[in-house]
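Following this line, the structures themselves.
Both of the next two complexes hold chain A, though its partner changes from chain B to chain C.
On to the complex of A and B.
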């Protein structure tokens, strides 16, 4: 029954929660323990070029999972450094597959990519995290989180010891990343943050973190490569990386009400499957990972606080639609001429800046010369030149 | 007397009722198979389709569509004139219309090459004023996100298109709505706006959020203010180009993420109506895909005293014969879109499918099933075309199967090239990485008429145009443009803008050449993949092409949506816009790994050369006694204990 309620949670969750409060007080107490009210996700693929198809597929499979578990597109910032779905080399356009034989299309039919192509830069990524974006940036491109937000940050791409490459032309270092998270913490932009990275030597990216309430996972230890999972002969490239592949398999079994916790997530992709050794770091995290649900980060199981104050809703909403203004425009409107040839030909040239008339300048020079000859005379010219 | 007057008015009333009935029956003509009144009402259209007269017996049960019936006046029919009537013959009684209105339409045109062209048009009309003081707050059919954009940024007209692929005029003819590859955005602002550039920048940012596109890359370096092109398509006489901004992003990719927000703007979303056909997997598996949003003020009625806002969403797709059709010239809705139609959008006032059967009056080109008795004619792109019409608001269209799956079975496919009256192409000539030459070719294929074209070129600053090398030649002779507007570029600030009005002589090729020099960029200005090259947006060629039939100059009349986009001012010619290919130009790119190499080399030189020298100079050398062996050390200890000097 609880599961049924959760399924409808998105539409009328307040009603459901009220019902919960009436009937399942004890369950509700456990329900609100995590202390967050909203969920955000920043999913980044940093690799360009067709042969990095698997990185886009990685990111999109996490996107698919978080969207399925209830985080709306408005709370997901998706960054894809290249267009794989409509790439000219893609034999099936508008699809990105995570499984062989074109089994699971993680691109879907209603994807919303917020940053794509050349927009995926280190600068933009750090600006999203820290919220220092130009004022006219639309809401869909912002991370509008607060101190009650749980944020999932997923990165994938090509990396090395202490850095992750963006677009094959620049990189972000682990120190920069740690400082960005500290800035987020100081600006109270998160409640808890889960950081997942699937790249070679991924563990090096989280070893410099020092801000509280951070949990981090990586696909490989320092000195290890992260490996790709399976190629598809029709598409011609590797479809996914091993770690994210098994992460996707794990997440496919999660539903919004499941009680799976972080300790289960740490067991995803053991060395026998991954070849690399996935790592995790929980020393900055205050809660016991065993009590943290997967849906605290991957889903949007939203918490609501009830108030006992009475709010007066009887105040009538002012009717803005005023009556039709009496005076209508009486002149007839016309459409503009699309190619007014004669008008174009006789178009006035652009107004230049004011310039003294030519005659005036000529006169001035004549005056100067006259005064000169008056003063010195022709015979003195040889002394001057 | 009073009784007489009374009876007279009663007769009048009866007449009025009868006329109403006739109109109604004309509209229902499709339903009643043997009702011939519609044809009798419509002698002119039959005359207009004189070339089809032989085919009339075969098409005996065909009926002209209701709008076509209204178009015709009997007086004109007697004169045999081809020009359409200025006023509708019968105007419906005035009922209070709702303030907003939604229409949807799909046009299918089988192409000569065997490919198929499908064009969706969705139009929302709303009689409101976005510019007034108190904000519009209640939205019904019009999308709120766009309404807010219009009022916040004082937009008078907004046209945005996202296109993947290049429209091949030689194979496909003219599109109903032209668009250049990549993204194109042009906006007319209200003339009350003071800070146009700032508003433009904000607007592009907001649109990039709405359409999930990289429109925020539009800045002053790729924005121009055309002085003669891109006149407003809506009503209004203000054509001061200070309030016009035009920009293209030829590199912009178009994919599902752009289609998703576009579909969300429709009143029915992709849940009902024609929009259920919009599945991205099929739409992007095509030779050409273009989606656009056009917002403009239009006339509310014939008198054109009041305006309403028009939001027109269009989507054009060309499905490839070999790619999507597996080589068989046999098309169906299911094959094209992997869906069939079951209903119209419930809020739509009109929902129709048009199939162009102009070349197919005898069924010599293709077979169409299920057959429809409803026909319609429209003047589109200077030619009178005949269409089979499927009205989705009529339940009978869907038949007993409750779903409509149109089948077009082509008989033959000749891939011969067309000769459109106007087309253009462009390429870069020259070799090396220093200079080059842009060639633009404009073809006038009309046998005896010349017509004017307006060429607009916007070239990024890093191609430095040598404007003195500009030549315009047609038929081997110099063709002097009657108007040239050239705005030179400023490095990193604004692009070149070149506008020229050229008269194209009949049956000729006009070539415009212009030399340029490639600039060196700063190394941070290069894209992450500079080896790919840099794009230069399409040239825009606007023209008034002589039309075969008279154009309808009454722009406020009800017409099929695909034929009512460009307003026409004169009957003898129609306005058309042609886009050339975008250019891909290689710029000289530095070796980006060079700094790394230099650092490595310098470090090595420093470490090996200077390091060893420094080492030699600063080290003090001392001769070290070799340490004695173990036996000697033991002997020495013993000798020490004995008190004798060591060895």
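On to the complex of A and C.
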């Protein structure tokens, strides 16, 4: 009987070990299966004017989540088409709220907007994606991704069947967007890309994608409108859109070590809550969405490898002997003196008074005297000379 | 009459000195009605400062005075207030002497006409007597010196006062009959601003009258006199321009001074008519309207001189009025010069028709100028149309004043020829209608 128990224990122990080993292998597998080394996020709000407050709040709440989960500002390109926090119609200046009753201020002190106001244009957006920016563009305005980058692209605003409206004056079409992503693929600018769009008929925007490793989510299907969540009576406008509201709620539960995968993201905001039907597209994505972690795109999880073995560092680098050849030319470099300050500060401007030329004075007074004597007769000359 | 004149001069100088010392002087020197881009004292100082820094004062659009003014103020910039008060005094004294001489001649001509029985019997009440004409020169000097416009112009140190002095000296020398001095002062006045050119015609008429040269196109003496006068005038103008060239060594001043007066590039609001029109004008019409507006100043010379060839001094008055209304940058200083002549025509008061309306409008507009300027520029509740309306009204009132005096003058002449109580052929009363 004891032998049977021992056999059970042994079996159980082997099973545990096997399970642990599998777990470990799984985790190790997961460790190396994602293939990305850095994360980027491009968050775009395309509408201006006060009544489009909710689009700015959408973008800022995704920004907040993404930053909380670890992506630094240097890896986030935030484009806001209008300034709601400092809008003169904002009754609470310097704030952008995402929940009514002002529960959550998504603006805060550390928001870094890279493209603001009229800089948010279709051209700038496409240039960011493809990397074809003028050389003078600062780093904060560039998407410096490489072929090991996972990029999250979030767009919100007003859209239609096959287009997204920028700034109330221009549009980007789904074909243009698909071509931009193909350019990114050919230039090896991304490893995997997650595209989220929260507009009316948003699914039309990802219909035309044809590049690999793209996963897309949209808040509504073609022919449906994405609706806004709730107005705040004190501020007077709708604060968030439904899809992003529930997305934000979902993301609030995510922390950098969480293991939730994309299948849970697809379930965010069902029709009962969103009124519109959210859609997603995964056919271009090479991995199974169930194995893709949320933090692969929304967070920047540093991959840390713990090891117990010691590593020998090589000897310190030896000093190179100085070259003794006489051909070493020593050039004396001096700074060019652009402004001879020492000469200037000790010099006062010479105050030269202007004087009329002597010839002029002579001529003038001669004429005056001539006229005088002509008028009053020559006899007065006697009295002078 | 020297004592009252001296008293008047003292009072005027005291008023000006008091205003110079008060805080109003800065306020007044910035008013656009009193100073224009041509005459502002600030610009004179700026030009002299540029000259001290070694730069031509005509570079840039700041300084638009003639080189002789530079020469004058180079030595007198510290005594500027005294200079302008002296200019006003000279103007007043010159006008006083000129009007005294003119009155003597008017009276003499009247005496000859009476002796020759040229006046109808019923218009004897229109004849002037020395008693009523005794105080006219003093009144002229008073009208000039104590006119608020003149005082404002002097306190603002606008070089309009100097221009007025030169024109007054020209009038004095013309009336005294001195051809050379008249030509020289007229060329100086033309050199300062182009418009006194039109005063050539009345000067010629007067001098010819004085020298008993008949104004007849067929007479050789007429043309010969014109040639002489033109030679003296153009010669002195040429000499003055060449002398100005030698002052600074360049011809920069010609486009800066005369080009500025003629082409009106600066559209700062003033009491004239140019600025509003040219502010809203399309570019390709600008030259056309510029020509139209400038010709308007010179246009009235020939018709008026044909009509008033017997009365050249009245012609001078009308011409001065036309210049100060229609010139490109008028200021209130120009207005005060021709208004000084009004006492000379005080005998016309019974024929003036609109004098009440004109004086009310002039007073109201003068009061409204600063109000609407404040409303436009500072309060922002009015716009340039308001200010231009008052400008228009002011100029219309001036034109009405001048035309009223013209009408009264001609009517008096008509009565002196045809009698005061006009009768038709059947003896019933007739009325005179101005067609």
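Assume the second predicted complex is superposed on the first by the 273 of 385 C-alpha atoms of A that agree within 3 Å, B and C clash if a C-alpha of one lies under 4 Å from a C-alpha of the other, contacts with A are read in each partner's own complex, and residues count from 1 in each chain.
By definition in this document, a residue touches a chain if its C-beta (ideal position, glycine included) is under 8 Å from a C-beta of that chain, and two chains touch if they have at least 3 such contacts.
What you see is a predicted model, and the numbers here were worked out from it, not measured in a lab.
K.L.:
So, A:354: does it touch chain B (first), chain C (second), both, or neither?
P.N.:
Once the two structures are laid over each other on A, A:354 reaches chain C alone.
K.L.:
Thinking of the overlay built on chain A, is A:367 touched by chain B (first), by chain C (second), by both, or by neither?
P.N.:
In the superposed model, A:367 contacts chain C only, not chain B.
K.L.:
For chain A, which side has the bigger count of touched residues, chain B or chain C?
P.N.:
Tallying touched residues of chain A, the top partner is B.
K.L.:
Considering only the contact definition stated at the top, list the common interface residues of chain A for chain B and chain C.
P.N.:
The answer is that chain A has no such residue.
K.L.:
Once bound in the complex, which stretches of chain A touch chain C?
P.N.:
Interface residues on the chain A side: 351-357, 359-360, 363-364, 367, 371, 374-375.
K.L.:
Tell me, which parts of chain A touch chain B in their complex?
P.N.:
It comes out as residues 48-49, 83, 85-86, 92-95, 107-114, 116-119, 134, 136-141, 167-169, 320-322, 328-341, 344-345, 347.
K.L.:
Going by the contact rule set out above, which residues of chain B touch chain A in the complex?
P.N.:
134-135, 137-138, 164, 201-202, 205-206, 208-210, 212, 214, 216-217, 227-228, 231-237, 239, 251, 253-257, 260-261, 279-281, 283-285, 297, 299, 303-307, 452, 454, 482-483, 485, 501, 527-529, 542-544, 555, 566-567, 569, 575, 592
K.L.:
Which of the residues in chain C come into contact with chain A in the complex?
P.N.:
That would be residues 48, 51-52, 54, 70-71, 74, 178, 180-181, 184, 239, 243, 246-247, 249 of chain C.
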